[in-house]
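Chain naming follows the written order as A, B and C, and within any one chain the residues start at number 1.
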């Protein structure tokens, strides 16, 4: 595949160019929290501060909340109207390998069996341009999950920081087309590619957290009924939704109606298996206790999902570790499953 | 999407969107007990009314616009499809709102979802239907389905129980099954009142007393979780193997199609892989969450 | 600090050995640099992990209502007030808790250091806390900051750094800091109402309803939060900013007279909403209107559960 390069000072121009074709999203703290927001032109300072966003980029495809359809009533009864789809194509610039890989895990769920219109229509209109990590967090553990700071899985284009320039590599056919059409690209030299390789090697070595995921589904199944272990592991969890709502591979949602005046709408919003009411039925609740919910979160990612789809539903982005108010660290749990 | 690309399961999508409900009209409401009602409904769209099909045991997501959605099984039989029925016990927000509806009200429906009872497996067998309370709703669909093709099945026992005589649902069905000479129908209540002349006792105990033979038989069980939990051991004692026991599970469901996450037991999603399971399947389910 | 940590370990060991408590709730070093994490244990050989340092952020009293039997809990000044408040509300029995009081000279707000040095927590080499200053080493370079620049807002002007209610005090008394008005709160109060409304609209547009603010809060002890009620459904789970704001306003009112200004709600918020501006205002109002400070005296009637007949407002009928 084609390998090209672009100077960092040319980046704003490139994003402007892409903006004519896509709604371009870039890392930003404009809203008060690091997340992907619309490219406003000029400001490419994120290149210096951006390590990863707090809100995962899945937000651009599976938003925290979305209107599904609206309903109104007249003398003939109810009339439903699909909420208008987000217009046009979007390009997420700077998505990290862990988050791009996570989207592939969501794809399976939303595609299988019944296709999820809302997710799929955004997903199919999204181009992912990744930037490999040069400065991973101390909480990152992507290399334990057959990924890494330069993993290209799920991306269309991959950028590697080589100092004043980015080396750009096409990963998919769509990426190659975009790259070929883009102005201001120069071919990368053998020296550039060597520097990109070096940059990738250094980044790989900087991921120091380690989890042994060998035979994880079986090990978790064997430990499933070890209530004492799960109670101990769960003791300090406060059952908030941070680790799930901000996880790039979590997709659970809730559906609710809202009415104002003569119009109402049905909304989908992200939900969390950490919440007690998530599984609550009027009479029974199969996961009433905190340890059962903690167990479900760990097992869903490392046992149930792999059984269904052959891959662990965690990409080691480390958000759940960094952002947890009580420092509940999933790597410590995974490394202490009884029977190891 | 061309129509032939849509699998049989997805035939009844509204506007290609799995979450968009069809509009249905409530035609009749039957007060089963003080807290349970049966709703007769039909689709507003004539074509759908003609073409809609489902299997006994399948469920739908019913919605009241502005209040929300909840899953209920279709309680009528596919063999009698001039209208559809579902039964609702008033336990929460959506069910209370449903109980406030009158005939003529419009609701939303999407489905049918889930797997339904394995009719083929039941053919040529002795059938023991065991139900408690509102748990008769899914079984009722199956029972009428079976009775409408009576010659395909052998002996039929029905054991139905409720807390009190006032809590017995579908009494009009119970009466006609009692009169049906090809059916052995037993009704019981946990505790009778002054006018009650029938049996008293919990369903599992009555089952043990009646002791239906396990030979070439299948037991289909549905009721409150506590009844189900006590019924399986009795069936086992009577010689039923786990493969001869069938039940339908209830979990909190929102999407109905295996995406929203909450109805899982291990890697099984009750909405997508169930709700009908044989005991052979669920006894291996992750024990503490079933 | 080492001295305090040793003393804590000894006291904790004695309590477990004598069977006076069945569990210790304290802090151990966290999995990430400069962090700590709650340690909840009944095992003696785990007590060696206990630690006291300027990074013990959590208010551990939040665990008390969920633990059975007699429990020893590590408590800074604000945390001890939360325990007292729980005792006032009959949520915790005084006899069932052994308070291991920690006189506290303030907890380091890592996000302030990150902002000041322009580096993330994990990029810092070292943080040394002295009496009045804090030295941060980044990339071999040492930078010194006065404590007031890097402690949590709620530690500045702390009214009770040394627990008043305790069973064992670990370390010397610390004098209260002079009262300071929170900068953010003053800024908000000075805004015209429309501007303030816009401010909160923006802030609560970020809220994702993770409920971390509620779940880290010891004063939020309801078994079932009003936001989870379905009949009637006061609020929808869908995170519209209006509902998010309403949730927080209601929560703030619910914790009036219980909030001890521990600041955990704001620290836990993953999207950085300045929640303490709300709780602080409520705290000040409780002081102004009722001369009430939460969690100061376990024998005092709680603010919002006691009233005099003469106080009856019209709506009582």
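A few comments on the model shown:
Here is the rule we go by: a contact is a pair of C-beta atoms (placed from the backbone, for glycine too) under 8 Å apart; a residue touches a chain by one contact, two chains touch by 3 or more.
Being a predicted model, the structure only gives us computed values, none of them experimental.
With centres computed as the average of Cα coordinates, no chain lies farther from chain A than B.
Comparing chain C-alpha centroids with the centroid of the full set of protein C-alpha atoms picks out A as the closest. Each chain gets a centre from the mean of its Cα atoms; for chain A and chain B, those two points are 39 Å apart.
Between the Cα centres of chain A and chain C there is a gap of 31 Å.
Computed from the mean C-alpha positions, the centre of chain B lies at a distance of 50 Å from the centre of chain C. For chain B, residues touching at least two other chains, in rising order: 92. Looking at chain A, one finds that residues 254, 256, 258, 271 touch two or more other chains.
Contact with two or more other chains is made by no residue of chain C. On the side of chain B, the complex with chain A involves touching residues 9-10, 13-21, 23, 25, 44, 63, 65-69, 91-92, 95, 106, 108, 224-225, 250-252, 254-255, 257-267, 272, 286-290.
Residues 30-33, 35-40, 58, 62-63, 66, 120, 122-123, 202-203, 205-206, 208-212, 214-216, 228, 236-240, 264, 267-268, 270-273 of chain C are the ones that touch chain A when the two sit in their complex.
By the touch rule above, chain B contacts chain C in their complex via residues 92-93, 96. Those residues of chain C whose C-beta lies close enough to touch chain B in the complex are 230-231, 233.
Across the complex, chain C is touched by residues 31-33, 51, 54-55, 64-65, 135, 137-139, 235-236, 238-242, 245-246, 254, 256, 258, 267, 269-272, 275-277, 290, 321-323, 325-329, 331-332 of chain A.
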